[in-house]
Structures are given as C-alpha cells and as structure tokens.
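Following this line, the structures themselves.
After this come two complexes, each holding chain A, first together with chain B and then together with chain C.
What follows is the complex of A and B.
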C-alpha cells in the first residue's frame, strides 16, 4: 500500500508542478535556515570531553570585593565567582591531596627562535602548567610524553610541543631530545603532541574558548624562572595593581586556571569542604569579604557558566526554527488549496471503497515525500549557506596562517556531521507531516458524494 | 437486494431546509434492472447516493442484501461500497492521470486483492467492454464512449452485487448511448442488479421497471419486463 501511495503521490506532485515546486522550495528554505543555525549551534554546544564529565572539575572561589556589580555587567555572570584564581589560592588548591590529579596553569606567548635560517622568529602561545595537564585532559602524544611532577618545582628546561610546531620546525620527524629556543632560553623537547583540538578549548575559555590549544607547554615553575607574563590578568580588589612581575604573586589579581580530577562524588564533597574551609580561613585573615561562593563544577556547567554557546547563537536557532514554522504554516495553506482542488478525485476514491484512513494516508504520503524532497533541497542549500558562512566569517584571515589546524578549526563551525544529516531527515519528515496533517485530515473528512457530480 | 422503507433525507443550510427524499420506500429484487426517472431536483441522485452508501439518510430503514446499513461505521460502509456496489457516473469520473488499467485497478487495490488476481480481473473486465487494446491509454486519449466503457469496466471488475449508474449516457451521443445501454443490459443479464438514473424515457423503458420520482417521493412505477430467475440467481460476473 505504501508503494501504491508513493506512486500516487509522485503523480499528484507532477500534476501541479509549479505549485509542488513552490511548496518544496518553501520547505527547503525553512529547513536550510534551521540546519545552518543548528549546525553552528551544534559546533559550539558540543561536549569536548564527555567521558570525563563526572571526573573533571574547574575550581573557582569568590575572591571579589563587596559591593554592587559594575555597570553593564550581566547579573547572571555576576552570580558566578571569577573564573580564574590568584597565585596564593591556586597553590592552596594544588596542595590538596584529595584530587587524583590537579592542574594550575595559565597562557602566555613566547618568541621561538628557529635553528633553520629560512624561518623567521615567531610568537607561539605557550601554556605554563603543572605536570598533570596531559593525563588529566587525555592529551594525545605522537612522540614522548609529559614531565614528572618534580619538574614543576625545579623549572626543568623541558617542553612539549604541538604537532604544528614540530611540523614547522622539524618537518614532522621525531624531534625528541632536540632543543628549541623559547623566550630566549633553550628547552629540550620531551614530547610532541598528536593532532589535538578540544572544541571548545574548555580548560581555558578566555577569549571565547574557540581557539587552538597552545603550541608549547612548559613546567609551572617557569612562571618565575622565565618571568613568563600571563596574557590575561584581572584584579578583583580596588586597591590591587600589577606594577611589576612580583606583584603577580602578592596582589589580589587573578590569572590562573585551576582544574582537578576527582575520583567520585565523595571526593568532590570532601574537596568542596576543603576549598570552603580554606576560604573561611582566609576570611578570618581579612580576605574574601563576600559570602561563600566556591564552585567546583564539571565541564558542562563550566561551559554554561562561561556562556560558550552564546546568546546570539541560541537566538539564531530560535529565529531559524520560527522561520521554519512560518514556512510550514505557508505550506499548510498551499497544500490545503492543492488537496481541495483535487477533492473530487478523493471523493471518487471514497466511492470506490477507500476508507478515510486510506485517503488521509495517501495524502500524508504525498506531503512527506514533498518534505523529503524539500529536505534534500534544503540540505543542498544548507551546504551552500555553510560554505558561504565559512568563507565570509569563520575562515577570514586564515589565508596567511601556515597552521592547517586553524582551517580545521574554522571548518568545524560549519561542518555538518552524520547526526546533523539525520536531524535534517527527521526535520524534513516532521515538516511534511506537520504541514500536511491538517489538509490530509480535512480531505479525509469530506463526504464522498460532495464532489462526484462535479468531477 | 435493496429494501428501503420510509427513507428521508434533508439538506440543511442556515436559512433553508431541502427535503430531497420523503418517506421513500422501494424494494429492488436481485438481478432487477430499475430505471429511476424524474425532473432535475426531484431526488434521483440523492436516492442513488443513499443507495450507494455515499450519503447517510435522516430517517427510515435501508437493508442491502438483508443487512441493515443505517448503523454501519464509515469503514464498514467503505467496505460494502468496495465489495458490493459498482458506480457509473454521467461524467465518467475516471482519474485523469492514471491510465485505463490503473483506473480499473483502483477499487481492487482498496480491497487489498493480490496483484495476480487483480490483473486477471482487470484484463477480463477491459476485454468485456472492448478496451483491451487501450489499457495503457490515459482517459484524455479516449472518446467519451470509450471512457464510459472504461468506467463500466471499473464498476464490474470487483463483481459487485449492484451497479448504480447516474445518467450513464447523459454525456454521449445516440450511437454511443446505445452501445453503453447494450453493455449494461448484458451485465444485467449476467445477474447484476442495476439501478440507473436517466432522463431518457426510451432508455428507461428498456429496464424491467421504471420508478418515477417527484419531489423526493415515488410518483409512478411502470413495469416493462420481469427478471429472469436464472440470471437473478447467477450473481454478478465480470
């Protein structure tokens, strides 16, 4: 019966080609708009490390001064404690033995002096971090590995470099044991990363989080030994100022990300107590005047707190879906007109023995087919639209970049994966059914005799 | 075969009530050929629609082959239309974008009949009406007479017990009308009951009985012949 209905549907579509095309294009445009918005949303809303959702936690403490929020700052954000810690507090967290792993880190930029004369010196983003970084975030290595915990306190001159840097400096060969000049100092390469692109770069969301990981990773003690200034500092007390390098360690200024890996919920509870008790102790010493507001949050909550998806992206999806609804409503009118114009044939079929369900099913099949054709066309339009978005927005300025990972990152925003393709098919069928259910029901309810005399 | 007692049918709008059938009673025997006549608006087509279960009625009783059809569900009415009743219309009512074969196939499809059985019936019906060579043609490629013959093939392919024909020759010239009439008489001779609405008194006289309707009531009944027992018992045949 489905085959029969499909044949009838295709014939019916051919009977009014212009009207059919109009309906298909209406559905296609609605689906294309939705798919483009949802693809961009999906790229931003993905979980970068779902298998560690209940293990990884960002650590925050409310170290701010008392008083109302500064003008212009969204209140939602003001509820949250700052997303970075000062040196003293970060080290207190790091000293706890409750976490299985613990990381204190920040981002900086350093000049690389290549050995090869044909490569000019260039800046690379560098992460100064404690040793657990690689194991905690499941960073893949191509060659070698990270450094031992002891290297964090002795400023050992070792470095882990990215695949890009290894490709650029050493042509992609195994460079373990070789040295690079970073910020004027020699570092021995002990690890080379494989392609790694957490999306978003959740462990440090400064600048929005949609950027590549750093190209060099050095032990944490290099903050002092190398005087590697952080890229981002925010001072949370009115009297605090960073006037020189040493004031990074003494002033109430925030520049360190702190992450812990906890074994289970009991460990989380104990660690929360540990942080709360530390803050209570600090209050007694005249610091942290605000009420307790220490949040130890998993990656999902962390991304939400940082509004990684972005209100604009959410709004785009809402507008696109609303547009699809408008397209569906327009299609309902067109389908109703089309079906009613063919009502005599439906009446004839009823006279010949078709039940109401037969008629409704036959007409629904037609709109579902129309939805699928509209969906296929919508997908083609989506691919075109995403390519355009990629060219106009996401890949702008990449022409000069020699890092292929940047292009991959840019493409990830407009890449339609299998789940999105599946969503497009579901959306097409759903659109067809929603647009056609009322007209099909109406045509099924018509008395069979109504149009027979006029057919 | 058909037994209607005191059937009434009223069409209502906001401002007017039209009594299309009033205390309409009629008994039709199996194998009978009954011509229904009357002026326009007298209720002929309404009677045919009620008889064909295309329209419900407001009062009275209607038994088709002994079955009370007044309380049937819509699905049961569809099944009876499909299995027991064949329709022939003045305007042929063929589906324009289906070829003749597929047009004849339509009622069999709704019966969920196996494809082989359908094919056998369709070819037999088209052969009977002389359209074997036209089965792949679209209705628009056929003459009016051929289209009506295709409609007759569609009506008889399901071996219905009764055929309801609403002015089947109304759109045809004299020669074509004669051919269609002969075809209907031949089908009736095979035992299929036929109720035919017509304006043509000559065609009406070729039926066993003429029922004349005025204002939704039977005004006169004329008998022209009797049903042959043998053919009445034979049932329908395609």
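What follows is the complex of A and C.
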C-alpha cells in the first residue's frame, strides 16, 4: 500500500515538475535557515558540565552602591549582583567549611620565556587559583596533577600547564619536573592537562564565554608574590580609592570568581545562610547598602544570568523559524493549487472505489515525500551555509594563533551533531505534514461526482 | 469597478488569499524590523571617529630583560619614530582607540555632583604632547599639553592613575554633557576613583573610543598627560598619506633592536584594528540581510503562485468575460486589484505584528522605538513588489482568447 502510494505520489510530482521543484526548494531554504540558526544556537546553549548541575555553584554578592545604574554603562539585567567578588568577600566565602570544595580565582596574562632560542617570548593567559580548581571542574590530566591546598598560602612555585603549552614548549613529552619562566619567575611543572575545552568556558565568562581555558595555572598566593595583575577589574564603589597594587586587596574592587561545590540542597541552604549572614554583618559595618541579593546559582542559571547564548543568536532562531512558517504557508498555498488542479483524478479514483481515507493518505504521502526531499536538500544547503558562516565569521583570527584547539573551538559553532541531523529529519517530515494536511483533507472531502460530470 | 463582486468571489475561495495575506504579514514584520536593525548596525559601524584612521599604525614592544630601562627607551623610541621620514607624529599611550581595550573611570564636575547624579564614565587614554597629532584629532578649544606636564612612567597602572595629572583634554561630547552652559576650558574635572581634580585645558572635536551603539560610551574620552607604566611600550604613529605601509615595514625591522632586552610583539595598521572592532556589526548586518531577502523572495513566489493558479482555474471564466465584452485592461486590472487587496490586508496585520516585534526588539537591544517611516516604507515596498509579482500571471490572464470560452476544457 505504501509502495502504491509512493508510486502515485512520484507520478504526481512529475506531472508538474516546475511547481514540485518550487515547493521542494521553498521547503529546503526554510529548513536550511532553521537548521543553521539552531546549530549555532545549540553550540552556544549547551551545558558544559551537566553531571555536576546540582553540585557546582557560582557565588555572587550584591556589593553595589545604592541608586540607579550609572549612566553610559551598558548594564544588562541590573537586578543581578555583579559577577565577580572583591578580595575580602571572596576570602570570606573561601573560609566557609560548608562547601566540599571551594575555588577563588582570576585570570591574568603573563609572559613565557622559552628556553629554546627559536621561539620568541609570548604571552599566555594564566589562571591564578586555589587548589580545588582541577577536582571541582573535572579537569583531565595527561601527566601529574594539581597542588595541595597548602601551596595556596605559601606561593609555591609550581604550575599546571595546558596540553597546547606542553606541545609547544616540550614537543608533547612528559615534562613533569621541568621548569618554565612565567612573568620573570621560575615555576616547576607538576601537571600537564589533557585536551580540555568547556564550552562555554562557564567558570569565567568575561569576554563572552567562548574562549579556551588558560594555558597555565598557578597557586592563588601568586597574586601577591608575583604581582600578577588581573586582566579585568572593576572598582565599583564611589568610595573606592585605588593607589597601588595593594589597593586590590583593601578597596572595593571586583576581580575574583568564586565557585563552590556543595554536597546537596541542605548544604546549599546552609551555605546561602552563611553568605547572607556574612553580608548582614558587613551591612552593620556600613558596607553593601543594597537589599540582600546574594545569588548562589548552578551552572545553567549562571549561564542564563550572563546571557551566554546572546540576543543575536536568540533572535536569529526566531527569525529563522518565522521564515520557515512563511515557507510552510507558501507551500500550503502551492500544494492546494496543485491538488485542486488534479482533483479530477482523485474523483476518478473515488469513483473506482478508493475510500476518502485512501485519497487523504495518498496525498499526504506525496507531501511527506516532498518534505523529505526538501529536507535532504535543506540539509545540503545548511552544510553549505554553515561552511560559509565558518569561513566568513567563525574562522576569523585563526591565522594569528598556532593553537589547534582554536580551530576546534571555531568549528564547534558550525558543527552539526547527530541530534541536529535528527532534528532536521523531524523538521522536514513535520513541515511536509503541516503543509499537506489541510490540502489533503480538502481533496478527500470533494464529492467525486462533481469532477466526473465535467469529464 | 466591481469591487464587491471581486471581494465576494475571493471570499468563496478564501484559503489561498488568507495564506498569502498571512505570508505578507509575517514578511512585513520580519523585514521591517530586520531593516531597522541592519540600519542601526551599519550606522554604528560607519560613525565618524575623528581619527585619521587610514594613515596610522601602532606597535607594541615587550621587555624581557630585568635591567631594561623603560623610561630611557621610550624617550629614545619617540625621538627615533618622530624623526623618521614620512612620519607626522608618534606618541606613546596605554592602548589605541578603536580597540575594545578600555580603562574606564568615573568623572564628574565635582565630588558632590558625582554623589548626587552619579558618574559620567569615560575611557582614559594616556597621552603626551604628540598624541593629538599622532591620531589626527582636531582641537577646537583650549590648548595641547606642554611636554613639561607629561608625567614620567609610574610603577604600575593603579599608581599611575592614582597620581593622576594636573590637566586633562576631553572630547566635545563630554564637555557638552558636563559643562552644558558653554566653555569647559579652565574648569575643574573630578575623577571619582582616585579622588583627584584637574583642569580641562583643551577640547577635541571628536574622538570615538570604540564603535559602540551607545554614544556616551563611545564618545566620552579623557586624555591625561602621562607616559604609561612599563616595561612594555606602546606607540601610535601617524604618517603622511600613502607612506604608512613602508614606514611600518621599516619600524618592524629596526625599532626593537635599537634597545637591547626587548622584542616587537605586534604591529598593526589602525585601519585593521578598526575594521575588526566593526566586524560583529557588519557580519550580523550581512546575515540579517540574507535572511530578509530570502523571506521576501519566498513571499513573492507565493503571490505569483497563487495568481498563476487562479489564472489556470479561471481560464474558462476569463474567456467568457472576454467574450462578453471585457477588455484586456479589465482582466489585468481585476488581477492587480485582487492582489492589492490581499497584500493590503496582509500588510495591515503585518503592521501590528511589526510594531509588537519592534517593541520587543527595542527593549532587548536598548534601541529607540522602531521609527514609523520604516513601517511606511515597508508597506510601500510590499505593494510594489506584490504588484511586480502578479504582473506576469495577470498578463497571461489578459491574453486568454475569448474563443477559449466556447471550447470545453
């Protein structure tokens, strides 16, 4: 029966080749636009560490001044507290023993001096962090491991380097125990990471969140010992006075990320209390004038607060879906026209004994086949479109970096995975059915006699 | 003209027209808002900068020797660069405008105003006496910095900012905002974070810090006379027209080796930096235009398709009309008016949709409301394009010979 329906459908498609082609192309471009937009969207909307969704929490406190947002700053979602903490507040979080693990950290840039003469000195992004970073974010090691907590307070000269840095400096061999010069100081390598690319880089979303992790990680006390100035710092309070490097620790400047790993929701509640009480205590001392607004949020909420997906990406999906709707409406009109012009044949089939359901089914088959062909064509188009998007937009700046992970990162935005392919198939069948259901029903309802008379 | 007959005929076969009208409505809503967004993006990218962008390059040097004498090196480098043939001026600074690098500080006329009205946040560029020439900025009031007032390099950025400077030059945009009753020159300007005041000695006509939609963020810039803290050096060099690339090549070859213990890490034409800063605006404008064109194209195909179908199914009826006296012109007019009514109904619904989408858009992107002339232009465009889409099938309809009516199909 299906075979028969398919044969009839193909014959009907061939009867009006131009009209059929037009419909298929319309469906194809609609699906292609939607697939392109959704691929980019899903690349940005992914969860980097789903298995720790109910364990990992970013810590924020509302340390801002009272009053309206300062004019001129493009502040989004002013209801949220700032995304970074000042030194004394971050340390207060770190002192709590409620979390199983706790990380205080920031990003800086430091000059690496290679021993080999044929490589010029170069800057690498460096993360200055407390010891729990690696265990907390499940960072994979190739060789060695992180440092003990004790190293955080003594500024031990140890470093964990990325796979890229190990490849570049040591040709990828086990470099444990060797030394590198970072910011003019010698550090002993105690760990080498495996390929690791949290996408987005949720633990530090400054700069949009779609960047590679740092290439070197050093114990937290190096902030003082090495005077490693943070890459981004904001001194928010009107009373802040910045006079020298020490101001980082004494003034109301925000530059630290704080994350905690909590065992369960009871621990979360206790920790929330702990932070709230800390802030209440600070209020007594004349700090933090705003109403209590401390958010200890899981990774999904954190990504959402930071608008990682981005307004443009979201709008492109909306527009692409609107476009697909226009394409479907268009196809409905064209299919209706086509079916009605072939109504006498349907009438003849009814007269020869086909039931109403047969007619509807046969016409729906035709439309679904068209949807599938359109979907296949749409997939090809979207592969092309994504290639083009990669070449025009995402591959920008790749030539200035010798880190192969950059290319992987760039390609991730235009990579269609299996679930996307599945979505494309579902979308094309759905498009076909949506476009065909009304015309098929109309045809099925027609009385056969009307057409037989005019023959 | 038989409008009522036309409408009632259309109503009897309403599915097709309703589908086309719905398409027109969505298309209008999408295209009008896309066009507005594209215009905003392109406008942001094309705003004047006040900088002689095409004839400037910048160069960044990294010191690697602990014994490196930064201050002496800066003086020697500036002498060398300013003496190069073809160079108009070279200055040292903490970074170039048109990049997204930013050192932002809170400014006000007085501490009281800062407390009461909040800060006027502005970018801070460290400058010397050659800075205005090195960027090609136009001074419209007051004077330039004297070389004697340019502070020597501080230990690090915080202490440099903390020491501040006795005088500053600001942009006209900022002068107009902070000193609305006229002359800013000679007035004190208060810097919040470091609790200092300095005198405004000059006003430049325009300096766009970075291409951003928000005017205040783009155009509020303060020049402060100080050599940036080392040990890395950053120079901005402006050449005579046409001599930029040659000078760049020479500087890349010679500059770093003039003082030992350092290397040149980056040298780039400001034109390229500026283009990169505009990249996101341009690329999103391109994507939006492509989508907009596709939406329009599909809708026009829909209009043509419906009209063509109507012509086919009405062949006998049209032949009859021709046989009983209708002229080609009447047939043509019939189709055009029918189509016009469909697109107009669609456009009417589309206007409501477009306005609703426009409100959402303006809150998301903090843009001014969708201007009404965009909507008017959109409706007119839809009318014209709809007319063009129906002309071919309508002419085919008009050319049906009256004899058709006498034949059976």
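The working rule: the second predicted complex is superposed on the first by the 446 of 455 C-alpha atoms of A that agree within 3 Å, B and C clash if a C-alpha of one lies under 4 Å from a C-alpha of the other, contacts with A are read in each partner's own complex, and residues count from 1 in each chain.
Everything below uses one rule, namely that a contact is a pair of C-beta atoms (placed from the backbone, for glycine too) under 8 Å apart; a residue touches a chain by one contact, two chains touch by 3 or more.
Computed from a predicted structure; not experimentally measured.
A.B. asks: On the A-aligned overlay, A:433 touches which partner chain: chain B = first, chain C = second, or both, or neither?
C.D. replies: Neither partner.
A.B. asks: If you stack the two complexes on chain A, which partner ends up touching A:10: first (chain B), second (chain C), both, or neither?
C.D. replies: Neither partner.
A.B. asks: With the two structures laid over each other on chain A, which partner does A:352 touch: chain B (first), chain C (second), both, or neither?
C.D. replies: A:352: touches chain B, not chain C.
A.B. asks: Once the shared chain is lined up, is A:29 touching chain B (first), chain C (second), both, or neither of them?
C.D. replies: A:29: touches chain C, not chain B.
A.B. asks: On the A-aligned overlay, A:372 touches which partner chain: chain B = first, chain C = second, or both, or neither?
C.D. replies: So A:372 meets neither chain B nor chain C here.
A.B. asks: For the overlaid complexes, name the partner, chain B or chain C, with more touching residues on chain A.
C.D. replies: C
A.B. asks: Quick check: in the complex, which residue numbers of chain B touch chain A?
C.D. replies: Against chain A, the touching part of chain B is residues 45, 49, 52, 54-55, 74-75, 78-79, 81-83, 87, 89-91, 93, 95, 97-98, 106-107, 109-112, 154, 158, 166.
A.B. asks: Inside the complex, what are the residues of chain A that reach chain B?
C.D. replies: So the residues of chain A touching chain B come out as 1, 4, 11-12, 14-15, 344-345, 348-358, 447-449, 452-453, 455.
A.B. asks: Using the touch rule from the top, collect the residues of chain A that touch chain C in their complex.
C.D. replies: Spelled out, the residues of chain A in touch with chain C are 19, 22, 26, 29-30, 33, 67-68, 70-74, 111, 113, 120-123, 184, 227, 229, 235, 238, 240-245, 247-248, 311-312, 315-316, 319-320, 322-323, 325-327, 329-330, 332-334, 336-337, 340-341, 389, 392-393, 396, 438, 442, 454.
A.B. asks: What part of chain C is in contact with chain A in the complex they form?
C.D. replies: On the chain C side, the touching residues are 15-16, 19-20, 22-23, 26-27, 29-30, 34, 62, 64, 66, 106, 114-115, 118-121, 155-159, 161-162, 192-195, 212, 214, 216-217, 220, 263, 265, 279, 283-284, 286-288, 291, 294-295, 298-299, 301-302, 305-306, 308-309, 312-313, 361, 364-366, 409.
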